[in-house]
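Two complexes come next, and they have one chain in common, chain A, joined by chain B in the first and chain C in the second.
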Partner chain A sequence: MAGEYDTAITVFSPDGRLFQVEYAQEAVKKGSTAVGVRGKNIVVLGVEKKAVAVLQEDRTVRKICILDDHVAMAFAGLTADARVLMHRARIECQSHRLNVEDPVTIEYITRYIADLQQKYTQGRGRRPFGLSTLIVGFDYDGSPRLYSTDPSGTYHEWKANAIGRQAKTVREYLEKSYTEATYESNHESIKLCIRALLEVVQSGSKNVEIAVMLRHKQLKTLSADEVEKYIAEIEKENEIEAEKKKQAKQIGSSTTTTASSTLTTQTSKKE
Partner chain B sequence: MALASVLGFKSNETFNRSLQCEKTDANIDEICPKLNIENIAQFITLPPYADPAKYLKMVNESVDRVRIQFLKGTTTLAFKFRNGVIVAVDSRATAGGFIASGEVKKVIEINPYLLGTMAGGAADCAFWERVLARHCRIYELRNKEKISVAAASKILVNMIFEYRGMGLSMGTMIVGWDKRGPGLYMVSDDGERITDNMFSVGSGSIYAYSILDASYKYEMSTNDAIDLARRAIVHAAHRDAASGNIVRIYHMKETGWEKIEEKDTNDYMYQYREDKTMNF
Partner chain C sequence: MVESIIGIRGKDFVLLAQDANTTKYGILNMKFDTNRLFKLSEHCAMLAAGEPGDVVQFAEYVGKNIQLYKMINGIELSPYACANFTRHEMATSLRSRNSFLANVIVGGFSTNERDQERAQLYSIDYLGAMISANVVAHGFCQFFALAIGDRLWKEDL
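== the complex of A and B ==
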């Protein structure tokens, strides 16, 4: 047993901040964007796919991973840290099944991951995990959940959230655009997730990866064709909106609110 | 630990020092089960002598001159039916041929929606079920929902399994009502945990089973179920020397458990003798 050489790396600053944790949050801001949206019957995860080197196999870069049949996780930040955290979370999901004879609730596994992240901010000569996570899934009673954790070890539940590069921009977009229609319709939830990603990512199915989970079903990654279809629909909507704006300007009245409300009635589909 | 300080228990140090002695007896590994962890003393509190497993095996079975009779002298039963679970127990405690007490509470109220029965070593059952109550409460606070009967019984059996082969004597039934409906698990000192619709544990269980098996139906009404449980304990108390005195009956409902009655078994037996309309 080593002596008391457990000098903490994360110590308080004079004005009450934990610098290491804040630096870890900076590392997260450098990671590629991830977006999560929760609907009534669906949870959607979308991540920005960074361009890979020419000789690199595309398949080895997986930012969305399953923790159990009913839980999935996306992260932003240090990939290696995520791998370790994911491994521990997967073990905990099975351990819970063994000891309690029930699948984990999303809150439970989020709390476990957050506890783990917090532990590394207190003593023992370890640095914090440099990642934020988005955890989605369905509880045993069927309710959909979306949680997010950050390097300080706090977690919150969200209706829609974004982490990583330009997360603030994307989150503001989500706040503007998340409506009742989004919540009710699976199609709208997926579309909102893609729209939000396209705010900061170049348009095109090869730059985004979308995964969808329905109640009592496994996580499904949308194929490139499916994503293209959504993107085409979104671009058409944007065109119609741009047209309406131009017409409104020509007429001379400054109304744009009517355009967006007619848009939702035109394009919302029943699932 | 609060419990340790209440008992005046100072530390593990003096106790566990004895465990550093080398094992010299060649037959030890045959007689005693191996402990899995090297420094098991760090994790659990062991009795204050070397090789507890070997010593306690000696007093449990008639290996040597000493024998402490941990007879599971009791009758306890529980069964599920349409409206929940009925739990019925006797109240006699015996040590060999000596009736130590006629008023033992063999149903342990873990919390308002979980019950545990006692058979075997009374101290073992009472203590471990209190520890279980603590775990259940912490689970409830952390997860904002009541613990399931499956999880509670699993916690208990995992605790017991750590002491396997060291002389625990428990045959307990964990009864409760959770989001999956009524739950009934039997947990015993060898680490067994099984679930079924009906269990009876103890030296009088053979008599109780015969009464239960003759008339048990899942669709019984509550009154019939209570009557059946009562009869089973009374008949077991009548024939088994190690069971008797008072019969206690509890009913586990969706809203929690309810104590139905505690009456003398002999009085009931006289009543049944009078009642010539009983048919089996």
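== the complex of A and C ==
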């Protein structure tokens, strides 16, 4: 049934769906995870670094890229499609500067990218872009922003979001853990981003790449050492949490043993 | 022609100078703080003089394209490359609908340590002719600046 309605993507299915767009979203779900977190004075992007072949130079796999001095983007999905979108977005950033003498707002460039993605859901013989993006940066007035687009061409603003493989799990984790403290502190924002990634990625600085942008500063990729420091801090916090839980459990179990002993005596009486 | 722009190249620096007046009808001085200097990249800049509208349009166009190159390729173009790009744009526009009546000087210090000469200075006129020299100038001041340069420029300025 679905096969009849998804070859020409300009066509809706009988129940109002665009299958090609949904298939594109499936392609996104296969891509490596990317996480974005927005703080009061910082925006953080984190991506899963998939293992590369032994002979491959791993620095050529760039999943976090700058679009302009104050805008950066991470994506999940087809890398080649991302390259094309990035190129168009970079041209638009400079074009905007040339025409109106102002840097783009993050919303503007997100809207531009989303419009591009939408255009390809309504064209003849063209498939949609198979990627979702996380776009971060600071507007001209200094406010930090995090936006996300998807293959259908919709975009939303987020406080923290994840895209790609197991994005739902990571997003749920972010919902649980994003607090006022994360928003206020740069350190906490970075830590939350790494924590969220570690939910689905093996622990270790070689499996994650974290990039950080501060107001009026350029995007900075954290070195492996810096990431290791955060991971060590996170693991220590996890240990403390685990200890606390164990102790709580022990106290809890000592009360339940007395309860069960009364239960057993009762049942034995019944017998 | 009344606007002056001058460039001087030293051993490890490039000096760009401009006057700051904008005149109209030959006798009215409209502005005392005109800016003719346009930043192309962190280590390269362009001085432009001529038809006021063309000057800004052309210089900003070149500047933003240099920035675009940096965004796409991750490195900044050397002053040599910037000058060649500028010359190309000037020459293409010349025989098209929109030509620019702007004389420019492109100068900077190359960040590439392998370059033979790292202080790079180029002059491009409105017809798209480019030269590299130790002293370059556009406008009426060139009659004075180039002559003084001939007499007084030396290697280790």
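We adopt the following convention: the second predicted complex is superposed on the first by the 243 of 271 C-alpha atoms of A that agree within 3 Å, B and C clash if a C-alpha of one lies under 4 Å from a C-alpha of the other, contacts with A are read in each partner's own complex, and residues count from 1 in each chain.
Keep this in mind: contacts are C-beta pairs under 8 Å (C-beta built on N, C-alpha and C of every residue); 3 or more make two chains touch, one makes a residue touch a chain.
All of these numbers come straight from a predicted model, not from anything done at the bench.
Colleague: So, does A:Ile91 touch the first partner chain B, the second partner chain C, both, or neither?
Modeller: second
Colleague: Answer with first, second, both or neither: which of chain B and chain C does A:Asp102 touch in the superposed model?
Modeller: In the superposition, A:Asp102 contacts chain B only.
Colleague: Is A:Leu67 touching anything from chain B or chain C once the two structures are fitted on A? First, second, both or neither.
Modeller: Touch partner of A:Leu67: chain C, not chain B.
Colleague: Identify the partner contact of A:Gln250: answer first if only chain B is touched, second if only chain C is, both if each is, neither if none is.
Modeller: neither
Colleague: Tell me which partner touches more residues of chain A in the superposed arrangement, chain B or chain C.
Modeller: Of chain B and chain C, more residues of chain A lie in contact with C.
Colleague: Give every residue of chain A touching chain C within the complex, in rising order.
Modeller: 66-68, 87, 90-91, 93-95, 97-98
Colleague: Mind pulling up the chain A residues that touch chain B in the complex?
Modeller: Interface residues on the chain A side: 99-102, 105, 108.
Colleague: Please output the residues of chain C touching chain A within their complex, sorted ascending.
Modeller: Residue positions touching the partner: 60-61, 64-65, 67-68, 71-72.
Colleague: Can you list the residues on chain B that touch chain A in the complex?
Modeller: Contact set of chain B toward chain A: 143, 148, 150-151, 154-155, 158.
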